[in-house]
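Paired with subunit B in one complex and with subunit C in the other, subunit A is shared by the two complexes that follow.
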Partner chain A sequence: MKKPIASGKIGRRTVLKGAAAAAVLQLTGPFVIRARGETPVRIGMVDPLTGVYAAPARNEVIGARLAVAELNAKGGILGRPIELLVEDSANDVGTGVQKARKLIDRDRVTFLIGDVNSAIAQAIAQVASEKRVLHIVSGGHTDTITGTDCKWNVYRVCNTTRMESNSVAPLLYKQYGKRWYFITPDYAYGHTLQEGFAIDAKKLGASILGDELAPLGTSDYSAYLIKARAASPQVLIVLPQGQDMVNCLKQIVQFGINKAIPVAGAQQELESLEALPPEARIGTWMFEWYWKQPGVPFVSEFVAAIRKRNGGKVPTARHWFGYTSVYSMALVANREKSLDAVKLARALSGFELPPEVKLQPNRVYYRAGDHQLMTSAFVGRAVARGIDDPEDLFQVLEVVPGDKTAPPVSETGCKVRWPA
Partner chain B sequence: MTQLLLFNAINGLIIGAFYVLMALGLSLILNLSGVINFAHGGFLVLGGYLAYALTPYVGFWGALLIAPLLTAGVGFVVERLMVRRVYGRDPLYGLLLTFGLAFILEDGTRSIWGAQGLPVSIPAVLARPLSSDFFFITGYRLFMVGTVAAAVFLLFALLRYTRVGIRIRAGTLDLDTVSALGINVRGLRSLNFAAGIFLAGLSGVLAGGQLGLEPTMGTGLLMPGFVAIIVGGVGSLPGTLLGGLLIGLASGVTAVFFPSASEAVIYILMAVVLMVRPHGLLGEEGLLT
Partner chain C sequence: MNSRAGAARQAGTALLWAALLLAPYWLPWVGGYTALGARVLVLGLAAMSLNFLLGFTGVVSFGHAAYFGLGAYGAGLTLKLLAHSTPLALFFGTLAGGIAGALLGALIVHLRGVYFAMVTIAFGQVFYYIAFRWNSLTGGDDGLRGFARQPLHFAGYAIDILNNGHAFYYFVLVCFAVTVGVMALILRSPLGRTMLAIRENERRARFLGIPVERHIWVAFTLSCFFTSLAGALYAMVNNFADPMGLHWSLSGDLVIMAVMGGMRSFWGPLVGAAVFVVVQDFLSSITTNWMSFVGLLIVLVVLFFPRGLLGLAQRRGEA
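Let's turn to the complex of A and B:
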């Protein structure tokens, strides 16, 4: 005889199973409560892991992961472990915003980090501000983030473009002369950087012979270089970044232009120098952080720790950006014994990084007026081949403190409005 | 000013020659198979990276030949396994498939060789400018133009004088009749696809020597190839050749007056050609419509 599918009676076995389940729930209850006490503090990170900025983005994530591992070994944040949730913005503003919303709304992150791309960083800052989440911009440089568009909850680790131009302009004037020619990437970063140089040129008495606006993603710079050479400047200032910088420098060297005209620029990155053949590693630049700093405390430990996670390769400025972003949040939260965004944002104003995090000689702190980290500029020259280490591709001439390169807060246009 | 204009015009033609190589590969595939190959940039990158991997063993010159052949081999397999399934369907299927393939190739390259750009050294003999006046004509750029010219010559000779070439040309005009005559159209399309991908691989090796390697480099080099086809006329290989040289020239000359418009000008040129001659300069009306 077939059993009825639903007899309407509750069998003995069912009751037993129910009782057993209830007993298990009773037993697991206290454990669940205890686990709640150890719920991780979540940090969301949005960076372009695919697309043209994939290399710097991935390095920022490696740096952030190292900081999380170190902090978790020391008790995390308020005794809770830190969990880093990484999302790919795919170098697209819409995707970046969507990922930031997902991290905040669904994953309930307490802090947010990102993005390498200035436009995405700015858009995420808007979301973070709406949602009242503390946000550190790790690697987007355009001035407005800590300038006219600054926000109470947004801080920035990397330099502004004005800080970059201010760090090298006096040296270029002194070393090469007053006739300057620019190759500028045609988007927000390039425009503000070139404007910074124009202000410096006016102050120093230099003249700008030309400014070639090259679209982002330009692969052939020959047309611009033909014009630049025809103008016979005393220095050719190359401002594109990433692969664009690589393409431009390679062509400068192939055309032999560097033999007649010195080459310089503002921001240079180890990622770009390593992508160049030795003969094209030329020019005077600034690094935002450099791995070889003899005698500066904790730098060699950081280099060794990153090497272990980075296939034996040394850290770049991008690793340090990710590392510092996570540490800044954790240190201030542990000091204030709170996760409240407003309280922590106020505490970060004027917050000075300890030696084991700043990893550079000068005083490094978040300026209260615009939330910009006053970090040093490592001004120097690219070298074709490292002598002691194949990755030692930059000779640092001067480490200029951040509060000397940053324009005063009154010039940034930033007015921080705190929530009531 | 005249000198500047002359320099930029010559320079534009050199850049145009590179566009020709990209566009010819795209054009071959489009003409016979009706597939707009968005993965062409991805195959270009693959060719460049394969050459990078091979150079320590076979040198620059060996890699210049072997890497495009290997890329063509990958293209052949991809055509057999995937691309042939979209033949005769709505062009959207081909677009979606090759768009996805482009992502796979880019990410595959990134996971094998890393996200960071890689330096490519070229033979010292090619690395110098030929004269101090014409400093922008380096040995390598001249070599690139020569390679493109040789590839174009070989391709046209192949299409004109060999049995396979004549079948490809006939298939471009009327595939149904070619098939009805008992010719193995499936094999012909596979071979033709592989030949197009060979040109993408060759472009990748040449671009790597000039620019270095980076997983996303194919994206920026792909669009001028499409524009060259549209300007020259879909279905016409000589048109593609003309289109490539023309957009290079336009881009070079514009850089003298409005540098920031040097990229936009190729699209303006395309719009003008489409308005005046919708089927392109040497294209035939009715193809791919």
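Let's turn to the complex of A and C:
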């Protein structure tokens, strides 16, 4: 004759169910499709918003959003507003592939942008080509994207790793000597970048004493650095990026290695230099775009516009990548008056960026043979403290045009096969 | 009352199959997409395969991603290097993971509890690092690309599962149904009953003269075969395989799916996988902190529904 403990009408389970139902309701909101006047043109963007490349990825998104806002104020694409859908690839290839499929299958995007991580960029390029969607790789550098794995629908804004090594290798040879040692991130980007340096070394007559392959996301470089010091090279070439670069340079300075061996590398980014303590801002590098370009038209306007959206901070190369990716798609679609992927991909071959988008002194265009953007390399030195501006952390020595740093199309191994 | 519970269960199963069969048609209405449905099926199959061991034999493996990933790489490498045939890729993928499971299982069946779990993690990580390091074959950290599932040929008929998302979904569903059917048959057979006996009381089973180690090995091997079939299908969902498919964190995800859905029920892990995949898919578009929400969900389920989401429903049905 025991009475149930909860004799009221609302039991524990009802409360739990109610809570669960309420939780589910929170999720249902975004699915409701609101009626819109003009259906927007959707651009999907897959970038690693979490993980070691979070900072550059977020900046690419800010750049892309600025371009979307500017374009929408001017009438969008073919008179339709542009909608940017951003997905986090979490710096994981499988997730990136899933997100690319989601954007294409569910959200029906017309264009795809991404990813900072070369491996993800390459994997989603495969998805995009399978689904026939025009894809611009904003920030993944590995050669094969516009090399042996090039595809009719895939274009790239950032440099190839060969362009990066070609831009700095002669300077390293002249300044420091011919005995090189590498610390290389162990994935597509690092492998191809080091291969590029190896080709340059052969041409210049330099020798590679050794290399240390560090997995992505390494936090402790001490074992690699000890071996590098023992080899006593004339220059230590540091190739990891993002947080890995920050950790590696910090430890180089902590161990005092930079006092004995000069440090250099290929790509350096403002994001990394800003994350470093002043004493660790060392070395000779190349920037893919730099915000301080006196006398170059439209640069100061771009810097001011990004500052407004970026908490007062100046744009980095990543902002420019995102910005340029969106603009390239919109400009070519408006010129061709079409959204057809094949037609637009053909139109992008040889497409030259106007001054308000290229934001650099040299001529900038997508090379027809391999779909690579011929963008300049800003070669120079890291500066411990900015003089005029706290973010002026790089002294540009030379701006090398893209067609000087890029190997000829015949060397890239790219043969673009167009769909029938 | 028993018959009423049985009828309710049958109705539930029928409803489930109807939902799965019609998924490509109702998914877009609730904001899903067909590829998501295929993903749920594949991960659900993997979680159910794990649960074959976890829930029905009572042995905890934290290394099932190894066999999942081996299945994926096996299928991918078959398509890339051996033959452009989807069935052959499935076959070799399943074989790769299954045989690895059979061999490793033989080494570790005498271990119990946490020791068993630890060794399964260790073996899993061995495969992860092999895939990570063997750049020339597996593509290393970049993953294995350059292969795609191939159209199916049936006596002159070709079914294009590559470009037709619906056709591929139904292909996955058929594979899923066959595997799940085999699993259910085994669980109803004397072998399955013996596995339950081992789960309930290993010492008693031993006193009854049951060769416990051999049965655990059989259960482990079967579970690995099923898991690697799921892995092979996963490689075809993405046309891609990467080392994260072998990583212990995926093993953990599979255990979470099984526990969240309900370890003691046959369909529980599928429900868990559906919730996990869908929540991940939606939340990660809204916030970059989606992992915290998934974590919170798991904590809530473990605290309030210790028998899993489906366990709760079943207890209500029986009461």
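As a working rule, the second predicted complex is superposed on the first by the 383 of 420 C-alpha atoms of A that agree within 3 Å, B and C clash if a C-alpha of one lies under 4 Å from a C-alpha of the other, contacts with A are read in each partner's own complex, and residues count from 1 in each chain.
Rule of thumb we're sticking to: a contact is a pair of C-beta atoms (placed from the backbone, for glycine too) under 8 Å apart; a residue touches a chain by one contact, two chains touch by 3 or more.
Quick caveat, the model's predicted, so the values are computed rather than measured.
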Partner chain in contact with A:119 - subunit B first, subunit C second, else both or neither: second
Contacts of A:50 with subunit B and subunit C, given as first, second, both or neither: both
Touching partner for A:294 - first (subunit B), second (subunit C), both, neither: neither
Subunit B versus subunit C as contact partner of A:247, first or second or both or neither: first
Touched partner set for A:205, first subunit B, second subunit C, both or neither: neither
Partner chain in contact with A:215 - subunit B first, subunit C second, else both or neither: both
First (subunit B), second (subunit C), both or neither touched by A:188: second
First, second, both or neither for A:226, with subunit B first and subunit C second: first
Footprint overlap on subunit A, where subunit B in one structure and subunit C in the other make contact: 50, 186, 215
Residue ranges of subunit A touching subunit B (in the complex, touch as defined): 50-52, 54-55, 57-58, 186, 212-215, 217-220, 222-227, 229-230, 242-243, 246-247, 250-251, 254-257, 271-272, 274-280
In the complex with subunit A, residue positions of subunit C that touch it: 28, 30-36, 39, 132, 135, 140-143, 145-146, 148, 162-163, 165, 238-240, 242, 244-245, 279, 281-286, 288, 290, 304, 316
Subunit A partner contacts - residues on subunit B that touch it in the complex: 3-4, 7-8, 11-12, 14-15, 106-107, 110, 114-121, 127-129, 132, 135-136, 138, 140-141, 207, 210-212, 214-217, 219-221, 251-252, 255-256, 259-260, 262-264
In the complex, subunit A residues that touch subunit C: 13, 16, 27, 30-31, 49-50, 85, 87-88, 90, 92-95, 97-99, 101-102, 105-106, 118-119, 122-123, 126-127, 130, 149, 186-188, 191, 215-216
